[in-house]
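Please find the structures below.
Across the two complexes that follow, chain A remains constant while its partner is chain B and subsequently chain C.
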Partner chain A sequence: MNGGFHIVVCGSIVPDPLQTLAPVDGPTGPALKNEMMLPSVLDPWAGHSLYEAANLAKNIPGSKVWLVSLGPKAKLQQLMMSIAQKVTFELVVLDGPAGGFTDSFEVAAALAGAIDKIPGLDRSRLLLFGGCASASRDAGVTMQMVGEQLGITEQFLGVDELKVQDNGSFRILERIEGGQYQVSECSGAPAVLGWATGNLPEPPNNPQIGMMNMRTVMPALQKAVPAPVGVGGVSYLGVELPSQRRETRIVKDMSADDIAAEIVAWIKG
Partner chain B sequence: METASSENKSVEFMKTLPGDDVRQIMWRYSDRYDLQMVVQSARSVARGVVARLVADGARNTHDWTDSKSKLLDGFDQVGLTQLFMDPEDGGFIAGPKNLALALVAFELSWVDGGAATCSLASNLALSPIHEKGTPEQRHTYMSRCVPPLPGEERTIWRGAFALTEPLPYVGVDTGILSGKMRVVEWEEGKEPILHVEKRGRFITNMGFADFVTAAVDSDDDRIKGSAMVILEKDDPGTFDRGATTLKLVHQLSSTSDPILSLRVPASRIIGGYTVKDGVIIPNFSHGDVIESVFRRTRVPVAIMTSAKLMSAIEPVIRYQRTRFRGGSASTPGTPRYEQGLQQKDDAVQRLVDIWATAEAGTSFGFAAVRLLDEFDPVEREKDRILAERGISGGRAQMKLFKELEKGALEYLSLQQLPEGERDAARFQELAGDTLVQFLITDSLANIYCPATKLWNTGYGATMMREAVSLMGGYGITEDCPGFLCQKWSDAQLEATYEGPEAVQRRQISITMTNELFLAQFRIWITELRQLAAQRAGTGATILANAMELWLWTLGYLQKSRDADGKALYHPQRHGAVFPFVDSLCWLLASREQILDLLELAAKGPDNPVVAEGLEGFTNFFSDLCHLQAARAAGEVVRICSELVYGYQFVMESSDEETFRSLRNRVESSFAGSRLAKDRAAMAVSKVMIPEALDYP
Partner chain C sequence: MEKVLFLAHTQDDGTLPGIALEALAAAVEMTAKLPGSSLVVGLVGKDVSQAAEAIGSSDCAATAALIGQSGATMVVAPATSRFSRSLPGATQRLGGRIETHVSGLEVVDGVIRVQRWYYRQRMVATQTRVQRPWVLVIDGGVFAPWAGAAAAATVENVAVSLDAAVVRTTVIGVQSGLRNRPTASSTSRMPQI
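Let's turn to the complex of A and B:
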């Protein structure tokens, strides 16, 4: 690959899944109880895509990674104290809500607009990465719409592996039903890849990387552009937590084989 | 007198547990991104590798095992190992690092104190070299202890600090050493070769150390005094790591009793040496070295115990709330199901006491490390100035400092005057005088460092027992969420190592009568009264009154004799002096807690994340300050009363009248403090907590 890739990762924060997440009525629609005060984490699928992007950039000389994040900038700043230590990237910040009560189209438009304005971004070398869905909403449509708005029609979702082949083409594994992979070939950039988990572990924190990233992260946070998503245009008929289902059957004196057989039968449906 | 409302209805309660944004403001690192990153790194190791080790039972053996050594890899990977180093030696933070190291200790001990000790011990080994080593020594050992960069073929070095010896010496009296050094070879014009004999006891990191910084005394007329010497594992002779210490606590740190008998060049004497009349004179005695080392390293230990108390809050709340869930006696929606044990006043009131202690301890400890961060450059500049003026030796320094004390007192007095009323030129002159500023900061550091170590670990251990008790029988099990029982037993070691409680009390009993410290103490009383007038409900009045009582009692003890005619205030009269030291620690911790509250109230509105729940946080922390001030004042009243009345059969009436008046003033200012506790307990019963603990 001549000159490497320009990899733009769309990824933001979601409330820490360990927290108690209760929907409440806010002034502009539904919100999460105490959302601003709850600790946040990097959206898990977006996180995998960021680590895959950094790994790809490391292996293809001349590549560069941008992380485009739409979220409350004060909370993004807190998150950066950890994420910025893991991999090298340049941050682009859109200051707006990230709680999940936003319309995917609005979010996609804001992200596409921000990506369009990245100075020096070579669209012919662009790989647009992100999570195949978000832990805050799980609509699973945002990346496709960002791609569409940027005119990128090669799109892959639920990606677990991207191999750049000797001729510069890609071999991509996408998750499909039944635990199977769909194998695709793509001639090259530009392309959209909505990642599932990928194959890489979360990189450990490295303060040297963090100190280096901070030189651009803090200015990026300071010049964050407001992104007024989720303030109108969509009305919610209802918001509720999924109900917990617990079916307990007490059976005594059942053999381990019988228990195993019953579990297997249940899995097979 | 402060007023406190008994109306709970209009009070804004804390919504969530305080997060990083709140703590960054309170502990003054909201503008330090480097430190915020260090916190995240330490947390990732603590709640990852460390928590997994504890959950898997790695603490159940005294030996240093392969699984325990994953700790070191974890520290290396996320940058904790090189945190101690300066950038030129491979580190990534320039300048003083006391706050940084304390934050790491806080995060690691949140999960396991032994892991924190393991991390700190490597720094402790390097500290003598860092503080007093020659430039060559500093560069050599610091750069060896930095993890290798990618592609670099090098094994990282790790160190151990060997001061404590088998009984009857060090640990009881650090001035006497049985470890010895003598000259075995000294060819004309060449480096002398020394033979060093050192037997250590309870030496941390010894299971894997590549070098040891050991305190030894001269056993040879050709060496003067004592020194600290660097010993390497491949030096000729015996480098026996010794028997593993069978300790029941801090099992994630490696501890053993080494036997070291090695030949080393004299250039390994830390700080170097000079030769005069055929005698090697170390530039620094072992006492000089450990004084500057321990002053710094004791404080993170204090913070460790407070971190553990703080870490107990969430598991206890969760345990209390879920106590009756799953049984047939409670159904969702009922108070019994939703609130569990928190329906009962006792459960939340006792938890509030633990929380208040944790807040006071962390505030105190972090104030001490911030003070040290200020102090480090001033101390180095002081050393440079004294060297330039040719002033060496304790006596010459003491003489100079005595002369400068007047200027330091004048500076403090000018500082209290409004700008328009003070002699600006004189004030500027004194503000710019490094030696004057050194004396002022030194007088505080000499109190804060031992006091926070003493109070946080000693009283913290007692309160850790409370936390265990709040978990019922679960508390003393190995799988208690938050590892509370392990944290309780670990706290006992924290109260002991790096100088047991008696050592701290002894030091404070001497330094707390320093007029410079007392002058600042008087200023604090005035400031607290001003604060109380501006902001009710913090306990500032209680504290100011208790500080006045303490100050009066000090004067009384200093001038008085007991019924048998023996002086009451004498360094060797521990029965009188040591409890009085304890009472001072209560006051200082409480004051720092209030100062952190003020910082949050002042800076919180600027942070959008904090601003949203700020009122709830400041209300809660204010109530904690209030009840803790009352608790501290209660201790002061008790101790002062025992000391003032306890050594007499009949007391002089004018003294008694004054004492009673001051004591009454303290006690009557308790008004509302129990209402504050009620409110705090109510807040604890309402606060939102995560669904599960974020470590095994």
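Let's turn to the complex of A and C:
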């Protein structure tokens, strides 16, 4: 592989999965209660794609990784305190809402615009990475839309493995139905890869990497471009927590055979 | 007045996947509830176009061509891996909008309302849009599979022009899952800020 890849990872923040989430009506549409106060994490699928990107860049000389993040600047700055210690990247910040109720069409347009303006980015060597879906909107459409806007037609979703061959082509495993993988061969960059979990563990914190990243992270945060994405054309008629359903029947002194027979009858319908 | 396009792709054996019949039931039900609307069926598969089979970029071109040619304002499709990969790009190409993981669909006073989950199924929203074409990708298990009687249909081929140089991906085949793959539950716990 001559010259390496230019890998752009799209990833932002989501509320910590252990937090209690409640919808509220915001001025521009639905939002989360105390959204700015909720602890946040890097979107898990996007995190996997970032680690895969860093690993790929490490193994292919001449490669470089950019992380393009759309989210509230202050929260992204907090996130960088941990993520920037894990892998080497250059940060591009879009200062805007990161909630799940934003319109994927507007988010994709903002991301594509930011990627288009990255100085020195070689589009012929571009691998566009991201999660196969966010943990907020969970639509699984943004990466394909960004790719389409950038004119990248080779798109892969639910990727768990990317193996680069000596000639620059790569072999990709994508999750499909039935717990199986679709195996594809792509002749080379540019391509869009929406990652599932990949194969790599979360890298440990490395303060040296953190120090190196911080030289570019802080300036990137300072010159963050406002990205006023919103609900787009969506009219939300209601957002609610699902009502709890617990249909429990307590039965004492029932034999194991009777229990088994009842379960079998239930399964058979 | 809406023109509803039911979009599906064939499997390797030429049949429709079960989830497609569920999406068809949704499309039929929605069309019936929208006065003056009509239903068109668009199929992607070997019989329609050899190049459209199992290749992501050509799936995108094929679905965009079908939606564009049909003049559909509403598109209903099943949530298969092929459509999950290709329909967002096709929708973007057509300047439309897309809703995935649709778990409910109703028509109230002529307005189509869609239900879908947010934040990993922790809250559910009911929403609508005015933009068209509006693509709805229906999750499995939401609608009972369509079970109407078979009837003769007029088939029109929609030509998809694909430059061989543009399609750079070849599908090699299918293989079983990897062993020892990290799961979302074991690896998704990212550092908290």
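FYI, the second predicted complex is superposed on the first by the 239 of 269 C-alpha atoms of A that agree within 3 Å, B and C clash if a C-alpha of one lies under 4 Å from a C-alpha of the other, contacts with A are read in each partner's own complex, and residues count from 1 in each chain.
Rule of thumb we're sticking to: contacts are C-beta pairs under 8 Å (C-beta built on N, C-alpha and C of every residue); 3 or more make two chains touch, one makes a residue touch a chain.
Not measured: the values here are computed from a predicted model.
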- Message: Based on the shared chain A superposition, would you classify chain B and chain C as clashing or fitting together?
- Response: fit
- Which partner, once the models are overlaid, touches more of chain A's residues, chain C or chain B? C
- Message: Per the contact definition in the header, classify A:G100: touching chain B only (first), chain C only (second), both, or neither.
- Response: second
- Message: Under the stated touch criterion, which partner chain does A:D16 make contact with: chain B (first), chain C (second), both, or neither?
- Response: both
- Query: Hey, in the superposed model, what angle do you get at chain A between chain B and chain C, Cα centres, nearest 10 degrees?
  - Reply: 150
- Message: Let me test your reading of the model: by the given contact rule, A:S49 touches which partner, first (chain B), second (chain C), both or neither?
- Response: neither
- Message: Going by the contact rule set out at the top, does A:Q78 touch chain B (first), chain C (second), both, or neither?
- Response: both
- Partner chain in contact with A:S69 - chain B first, chain C second, else both or neither: neither
- Task: Could you say whether A:N34 touches chain B, chain C, both of them, or neither, answering first, second, both or neither?
- Result: first
- Message: Taking the superposition on A as described, I'd like to know which of chain B and chain C A:P207 touches: first, second, both or neither.
- Response: first
- Query: Minimum Cα separation, chain B versus chain C, post-superposition (Å)?
  - Reply: 7
- Pick out the shared contact residues on chain A: the ones touching chain B in one complex and chain C in the other. 16, 39, 75, 78, 81-82
- Query: Inside the complex, what are the residues of chain A that reach chain C?
  - Reply: 13-17, 21-23, 30, 32, 39-42, 44, 47-48, 75, 78-79, 81-83, 100-101, 103-105, 108, 135-142, 144-145, 147-149, 153-158, 160-161, 171, 173-177, 179-188, 197-202, 232-242
- Item | Of chain C, residues touching chain A in the complex | 17, 54, 56-57, 60, 80-81, 84-89, 91-93, 97-101, 113, 117-131, 166-178, 181-184, 187-193
- Query: Contact residues on chain A for chain B in the complex?
  - Reply: 16, 18-20, 33-34, 36-39, 72, 74-75, 78, 81-82, 84-85, 204-208, 210-211, 214, 218
- chain A partner, complex, touching residues on chain B are 15-16, 19-21, 33-34, 36-41, 44, 77-79, 82-83, 92, 607-609, 612-613, 688-692, 694
